[in-house]
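So, here's a batch of structures to check.
Across the two complexes that follow, subunit A remains constant while its partner is subunit B and subsequently subunit C.
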Partner chain A sequence: MRYVKLPKEKVCEFLERLKSMGTLYGPKKISEKFYDFREIGDVKEVEFEYNRTITPPRKYFFPERETVFTFDTVNVEIHETMPEGKPIILFGVHACDIVGLRIMDSRFIDDLPDPYYQIRRENGIIIGLSCLPDEYCFCSVRRTDFVDAGFDLFLHLLPDGYLVRVGTVTGHKLIENSPEYFEEISSEDKDNFAKFETKRRSMFTVQGNWDDMRYRLELHLDHPMYMRESDKCLGCGNCTLTCPTCRCYEVKDLPTLDGTGGERIRFWDSCQFRSHGLVAGGHNFRPTKKDRFLNRYQCKNAYCETTTTSYCVGCGRCTYFCPADIQFKENLLEVYGTGGGA
Partner chain B sequence: MSKPDPMKTYETHKCRLLRVYGLTEHEKLFLFRFDDPEIAQSWRFMPGQFVELSLLGHGEVPISICSSARRMGFFELCIRKAGRVTSEIHKLKPGDMVRIRGPYGNGFPMDRFYDRDLLLVAAGLGMAPLRSVFLYALDNRWLFGNITIINSSKLGKELLFAKELKAMRDIATAENIEIIQTATRDPDWGGLTGRAPTHLDKVNVDPTKCTAALCGPPRMYKSMFEQMIKLGYDPRYIFVNLERRMKCGVGKCGHCNIGTATSWKYTCKDGPVFDYYDIISIPGLI
Partner chain C sequence: MERSKMILPDHEIIEECRDVCRATVGVYVLTSCYGCQLVMATVQKIMEIANLVDFKCFYMVSSKSSMHEPVDIAFVEGSVSTEKDLEELKEVRKNAKVLVAIGACAVNGGVQSWSEGDLNYDELYASVYGDSKIKYKGLQAAPIDSYVKVDYFLPGCPPEEDEIMYFLSTFLFGSYPEEIDYPVCAECRLEGNPCILIESDAPCLGPITVAGCKARCPSFGVPCIGCRGPVPHDNSWFDSLALIFRNKGYSKDYIRERMKIFCSFDKNLEERLEKVFGRKK
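Take a look at the complex of A and B:
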């Protein structure tokens, strides 16, 4: 891998350069407490030290709502509305969210690829950013706290700038085309990188490895935690809407008033909604809140072959944004039992 | 391997409805043909696969294909009037156009059926996908040994394709095919009664060299498995066709998710056909 240094005083200029290449999105402080990925107008608005954004980066490739086609009911014809394929530059993505995008890829760019997602993704540039965990983070036990792939550049914080890992040819080109912003790394930079990593690793409130979590869960499908915790659940779907790997969507036809045309839209759905498992005739495959709660815990802990991790990347959003204060990490640990990887 | 074309994933084709045939009070059989001759020539499916049928402005529903895979350019769908979209479909008349995408799902692994006896066990709407297997076997008769089909429903008048199967009696005798039709809860029914497993003594297949395909409610699977294994059927050759809310058909939208953390499946893409060992290792599948 190639490493270069981006000195602190060059960061804004580099962001300006990125902005000139397409639409630049990055983390912004949007209220007293919260951050979110937003389009960057002024590069000074980019927030480098944020804990987590409200919405996950998948929204740039799989939007909350999109028109898949417009239709003409008279001739029974459709007109697909494909994304334009404009460059999307996503700056400041944490490691867990980068794995999240790779998990999205594994399901949306498979042997039956989703064209809407794939076109946007192929036009995306991902620039990662190092972070320090708070008490909600458990990416370490999910093995998603440090990434090998899924980024074009990854910026690791140094006292006087960033150590940049170059992940792809696109990343190499970014450096080659802007040589004035970068310099070679020094031995001091290497030491500082190591110090940061040691500090980062020591800060996690949960240590170990949860690779066997899915088996522990499966052996206790009737654990009382599910009933107790799902009883608190409001069914609002915040946990799934903020999740970087949730990708359930619903489809709806919106006809025009005269009925001769309309559009078919798809929009984010949540397995926490009662309608998710509801079929014609009134049967529901997941009729109770507990069924839906258990469903999410199983889905998130399932194994993704592409990343060799669970579908949950340990970002902590589902707990951080839960209005009922349901503690995902603690609940999993409860089923996992004391000791072991905990 | 060349990269799959993403534009094919959700591609829909215009189809003309040619015939509507009332099967029961709630189910109708629809015969469609592709409007585009090129698609009509190239479109193929395997028994057990399904299509997504769009009625633009109303929505889309997943429906098992119930016709023979041998008849190119045409396909039949047996549709129960169950909800908003299927009620609209039931209003369609010959000549009307719809849009179809698919076929989706794994379908039955027909190569695991060749040179073996065939047992088909259907309950209720389960007869629809199994009719496709049955017709496939008839159209490729020389690839199969003896064949038994058990068609069951609560009431006699609810038996799907009952008339069609009855009319096949002569051909069945000539071709070593046993047709068993039973109504499980119908005092007015003159024919066989009792659930499907109780008729396993009337089959003409040899359990040790038979492949079985089952489609019906979960309760039927449980009792069938128990009985079949007792009788010596090889579990590796027992397949079921499951139903879930297969909204997208391509393993994306998540509505047909089943299983647990160690075995997370999308019914539409990993299924809808599963084998006996899938069923016993994936809690919640049936």
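Take a look at the complex of A and C:
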């Protein structure tokens, strides 16, 4: 792996360079407390120190709503509406979210490629950014706190700039083609990188490893936590809509008035909605709020072969953006039983 | 493939079909502000609609309307608030193949049903009219499904244009509109808004109100007032939201009043509030 340094005074210029290559998206402050990935007009708006965005980066590859095809009932034809394949540069992605995107890949590309997702993803450049955890973060116990794949460049904060890890050939070319922004790293930079990582690791409120969490949960499906906590739940779906790895979608046909055609759209669904478990004949395999609540806890703790992690990457969004203040991490620990991981 | 490669439909086929199978549509009003009709009459594609269907009744569009003809699709706006409303509603139901309740009043009773469960008809009458007489025999304002079978519900105050178009086009297609059973809160996330309930403790009813408006008010920083009514199928969690509001310092009366504006006819409202606040005095 190659390492270079991006000095602080070159960061804006580097962002301008990225912006010239396609549409640049990055973290922005959108309100008093919240951040979100947004298109970057002025590179000075990019927020380098943020905890989490309200919407996950998957939205750039798997949009909230898209038309998958239009149909023509007169000629009985369908016309797929493929993405244009414009370059998408996503800047400032934290490690947990990068694993989140790899998990998305495992479902949308590895098994049976979804062309809509794949085209966008193949035209995407991912620039990672280091972060310090708050009390909602638990990527450490999910083994998603440090990434060795899934990014083109990864920027680690130094006192006077960033130590840049190069992850792909694309990332390598980005540096090769813009040598004016980068320097060789010094031994001081290496020390500072190590110091940052040590400091970062000490800040997590949970330590250890949760690889066995899914077994603990499976053994205690009747744990009283589920009833107590699901009672507080609004069923609003914020936990899944803000999640970087939730990927359930709903499909709907919108015919034209004259009936000669229409479009088929797909849009984000949530397992917290009643209709998610509704099947033909009016049967529902998750009829109650508790059933739906429990499903998310199991699904998020299931195992993803590609990343060898759980589907939950420990970003803390489902708790931070829960209007009912339901504490996912604490609830999992309660079922786990030890209060502190293995 | 590009859209331009689509071949335009043969208009003769359409014309032929129009003579044979032009759907008949009626738009009716009980007690309400006529806002739903106004939205329906001013949708961008109203001319296209007018060419495709035969409006038997639509007072906002034509004075040649008649309430007494059979129709394929009936849209009914307004709550049942008088005996006359009730008679008309029953006749519309008898004449219609498909009946759609449109707007907050028809779907949930509207603001005029705010005091449901608190004041009876005589008390309400006295507080508004005193000893005066009115020409109609009044009834306690109620959603239309209190009296007749309703096939589909199109909520909103007023309803959204894209939903009106979706309902009409699915009916004309020989299909039906899919019901929404999740809250405004979810749409608010999809719109990319920050959450005003979390961030500024706003009394937002987005979590209990049925989606479809693309979080119109919260997108402008205005807390949802619930005009679209409760999430259907008992999935409007008044208790969970009341608990959140209580923890933010709102009083029981404030919470109940606010939730009742558009949800007074939800059978779960009082029971779920009792779960949080205890039994009503």
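Here, the second predicted complex is superposed on the first by the 338 of 342 C-alpha atoms of A that agree within 3 Å, B and C clash if a C-alpha of one lies under 4 Å from a C-alpha of the other, contacts with A are read in each partner's own complex, and residues count from 1 in each chain.
Note that a contact is a pair of C-beta atoms (placed from the backbone, for glycine too) under 8 Å apart; a residue touches a chain by one contact, two chains touch by 3 or more.
These numbers were taken from a predicted model, which means no experiment stands behind them.
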So, after the overlay on subunit A, do subunit B and subunit C clash or fit? They fit
If we overlay the two complexes on their shared chain A, which of subunit B and subunit C does A:D134 touch? Say first, second, both or neither. neither
Request  = Have a look at where A:E9 lands relative to subunit B and subunit C in the superposition and call it first, second, both or neither.
outcome  = neither
Worksheet item: Regarding the shared-chain residue A:N238, is it in contact with subunit B (first), subunit C (second), both, or neither?
Response: second
A:F34 in the overlay: touching subunit B, subunit C, both, or neither? Say first, second, both or neither. second
In the superposed arrangement the C-alpha centres of subunit B and subunit C open, at the centre of subunit A, an angle in degrees to the nearest 10 of 70
Would you check which partner chain A:P113 touches, where first means subunit B only, second means subunit C only, and both and neither mean what they say?
-> first
I'd like to know which partner A:K252 touches here: subunit B for first, subunit C for second, both or neither. both
Message: In the overlaid three-chain picture, which partner chain does A:E49 touch, first (subunit B) or second (subunit C), both, or neither?
response: neither
After lining up the shared chain so the two structures overlap, which partner does A:H79 touch, if you call subunit B first and subunit C second: first, second, both or neither? second
Item to complete: Check whether A:G262 is in contact with subunit B, with subunit C, with both or with neither, and answer first, second, both or neither.
Response: both
Min C-alpha distance subunit B to subunit C after superposition on A, in Å, is 5
Residues on subunit A touched by both subunit B and subunit C 72, 77, 252-253, 255, 259, 262
Listed in rising order, subunit A residues that touch subunit C in their complex are 30-34, 36, 38, 54-55, 64-65, 70, 72, 74-75, 77, 79-81, 231-238, 241-242, 252-262, 267-268, 270, 272-275, 289, 321, 323-325
Residue positions on subunit C within touch of subunit A in the complex are 1-3, 5-7, 9-10, 13-14, 45, 48-49, 52, 165-166, 168-170, 172-175, 178-179, 181-183, 185-186, 189-190, 192, 194-195, 197-200, 206-208, 231, 233, 235, 237, 239-241, 243-244
The answer for subunit B against subunit A in the complex is residues 4, 6-7, 9-10, 12, 14, 56-61, 82-86, 97-99, 244-245, 247-248, 250-255, 257, 259-264, 269, 283
The answer for subunit A against subunit B in the complex is residues 68, 71-73, 76-78, 107-115, 118-119, 213-215, 217-218, 221, 247-253, 255, 259, 262, 264, 266, 269, 271, 276-281, 285, 295, 297-299, 301-303, 310-311
